[in-house]
Amino acid sequence: MPPVPLLELDGIDLSFGGVRAIANVSFTVEKAAICAVIGPNGAGKSSLINVISGLYRPARGVIRFDGKSYARLTPAMASRIGVARTFQNIALFKAMTVLDNIIMGRAGKARAGAVEDALGLPRSRRDEQVNREKAEEIIEFLDLEAIRHVAAGTLPYGVQKRVELGRALIAQPRLLLLDEPMAGMTFSEKREMCRFILDANATLGATVILIEHDIGVVMDLSQHIVVLDYGEKIGDGTPDEIRSNRRVIEAYLGAETPQAA
Amino acid sequence: MIYRQAGFLTADYRTERRWVPHAVDRWALTAFLAFAALAVPVIGNDYLFGAILLPFLALSLAAIGLNILTGYAGQLSLGTTAFMAVGAYAAYNLNLRIPGLPLLASIVLAGIIAALFGILFGLPSLRLKGFYLAVSTLAAQFFVEWALNKIGWFSNNNSSGVITAPPMAILGIAVDSPARKYLLSLGIVAVLTLVAIRLTRSQTGRNWIAIRDREVAAASLGVPVFRVKLVAFAISSFYCGIAGVLWAFTYLGTVEPDGFNLSRSFEVLFIIILGGLGSIRGCFLGAAVMVVFPLLLSRFANAFFATALDPGIQEDIENILFGSLIVLFLVKQPLGLVRLWDQFKRRLETWPLSE
Amino acid sequence: MDWQFALEVLIGGLLSGVMYSLVAIGFVLVYKSSGVLNFAQGAMVLFAALTFVSLVERGVPFALSLAITLAIMIAIGFAIEHAVLRPLVSQSPMTLFMATLGVSYVLEGSAQLIWGAEVHNLDLGISDEPLTLSGIDVSTFDLFAAAIAAAMVVGLILFFNWTRIGLAFRAAANDELAALAVGLRLERIGGVVWAAAGVVALIAGLLWGARTGVQFSLSLTVLKALPVLILGGFDSIAGAIVGGLLVGATEKLAEVFIGPMFGGGIESWFAYAAAMLLLLIRPSGLFGQKLIDRV
């Protein structure tokens, strides 16, 4: 019997006010894999990430996570079953310090309630202690020591991306969704980010799905690539298979508009 | 270089998480609190307690309540005094109807009743956001004013809904003089301020800021958004409710439902805008301005025109000045007086070497 | 129940609803163009009415008073936009709202400081003899107010569909970035919209003032307009009108037929309760556009 894949999407359909953003997309992601989702702008990549993290509810289709089916996944459920993510336009809490932002990644794991927090009861203190220890591990892992007490909103773009990765990693996710983690970065920043992603995958054991436009990076990082175009899946396979996929080449080079796709 | 941070290092998380990290600040705060608790009751006169300190403490507490909901959790409320009124009338009725209930117990219970009421009017936050939710708090405001006026039971059938503070005592000591009322207020406000600081520095507080700044991202991180909002409503109303008790029992002594009207809600909102949204210290700075400013204005008018201002004109001038201050702060210093204070301290660190 | 009486109450309610719409339309103009919930609209109504009536009482001819007040309201509109809203551009809606709250305090304070706080009677020369139509009494004044409101809406529609600045406004309301990209000067549009809100406030102020007397409570019309906006949606003029009619009618019917059960006085919160109920079913009001939370 083959091992159960971590994520299976089955016939996902999503539309906004009549416009179909995702059309009948299905694919699977194996455990511990790095999977890239690529495609031209407006292909539905971010929408797909939003579906997997429970922010958008698909009109049709099933999401299976580690063998369990979810027809209506909410963000809270997604976080509970071990999905963490970053956002295309960086969604850090600007007024909070880097440290607090990273600790926020453990929000779903808090055990103390508001009354315990108010009175400083043991469970609340223990939460704080554990949060801080885990956060320091992440801060060390991502080289953020020098700026741990700096407000996140004041940091340069590339560093904010790294902090956001840290916030996702501290939850020890089983599935890490990265929406354009390297957009707008310089070459050396990209290289650094690649190292962090590979490390997270290898040492923390997170399965990764990432959206990325830099095809070089995609081919190097991932074992598995899914290609979307106008909401439809037009390619799915190893980097080599994708490289020789005719429909992908057409979509990318904008050769003859495919008549009967 | 009067005041400096150099040489201030922390070796463990406990020291680092201190509420007042700087030793000089810690000494200053301790000295200030000791002065407020030990010296002020002896040297203060009835005017200081009655016209300045008692309203200041009650308004500060109400401001902390509103700041938790609006400044930290980002849910605009225009019905602060509705929750104050619920607290005041609840404490009055608890005292009246449960003989032998200790004063502090009735105050805490009144806070809890206000909190339940807050949860009720926070329920729409499941579906409503922004202004739509603010209108729900306005509904609370008008409904409470109406109910306290129309339903005689709340005021023990007083024809105009007026309640009078009962005689108060703690452990057999009568709280009857202005100085003792001041000590009672100070004690309650001090304890609740410490609790509020603890809250805002815990996961609960981080969750509030998170839903204020990025609700969608917060949800993705597993923050139970709706529950976090309701908790903010509950705790905020708890604080406002107890502030209402202080307002009615220690400051005014006798209140009518209209004493808790919409303008007073706006007044509390102004306090947190001036003091600093999302800052506990700011609540005290803002409340001080709100209480002292009108007194100064009338003193000033007395000195200048040699007669007292017509109360209507004084109110118009206050409105113009407060309105302008609000706009000025929102435009120039949205983080309020507390930020000005911090900037001043930073100046002290470098003075006279650089700007 | 006497159906004729009920009908009379209903018509009276609908017509007083028109008065609510008058204030609400001022809100919608500003909200649609800049996303600001302008709490100062009520204070502008007060300011306009008080200025006009004070000028008339000081012997200034009716038409000249009207012209002067109109000019002042336009100037105030531009001034608010320039001094308050423009420096706050790109701030959160909550900040903008609080700023307009500050503005409303300034306007209320100055109106009363300049003109005094007495109650003034305002006579627009319209009789308030009830008009009897097939046995039902209808207030002439309310009909007149409704006609003015209708004329104002037609005027606004013409303005937005047939003038350059109107088209620019609609473009900006639709897509601010695109409007900027084709070279529209948004600052000017902002100023014009606030000036238009000032004019609407003047019209509302005259009609409300003639009905209830010119006094501080005119400023509280803002609180009447809020449930109307909730029902109609903050961004729809049609919604403001239908919402006003709905609030006016249900409020009057409730006051007459349900109110006595509660000891009266329920109009202070009834419209809010009704609006809240509707909101829970339709979170964006009857006509407002449904917003999708984009990530």
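Which chain is which? They are A, B and C, in the order written, and residues in each are numbered from 1.
Going forward, contacts are C-beta pairs under 8 Å (C-beta built on N, C-alpha and C of every residue); 3 or more make two chains touch, one makes a residue touch a chain.
Since this is a predicted model, take the numbers as computed values, not measurements.
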item	value
Chain centroid nearest the full-protein CA centroid	B
Chain whose average C-alpha position is farthest from chain A's own	C
Inter-chain centre distance, chain B versus chain C - centres from mean C-alpha coordinates, in Å	33
Computed distance of Cα centres, chain C from chain A, in Å	47
For chain A paired with chain B, centre-to-centre distance based on mean C-alpha positions, whole Å	42
Residue numbers of chain B (touch at least two other chains)	216
Interface hub residues of chain C, defined as touching at least two other chains	293, 295
Overlap residues in chain A, where contacts from two or more other chains coincide	55, 87, 91
Touching residues (chain side chain A, partner chain B) in the complex	53-55, 75-76, 78-80, 84-85, 87, 91-96, 100, 103-105, 107-110, 112-114, 117-120, 124, 127-129, 131-132, 167, 171
Of chain B, residues touching chain C in the complex	70, 74, 76, 124, 127-128, 130-132, 134-136, 138-139, 142-143, 145-146, 149-151, 216, 262, 266, 269, 273, 312-313, 315-320, 322-327, 330-331, 334
Partner chain A, residues of chain B touching it in the complex	13, 17, 195, 198-199, 202-207, 209-210, 213-214, 216-224, 231, 234-235, 278
Sites on chain C touched by chain B in the complex	37, 83-84, 87-88, 91, 93-95, 97-99, 101-110, 112-113, 117, 223, 226-227, 230, 234, 262-266, 268-269, 272-273, 275-276, 279-280, 283, 293, 295
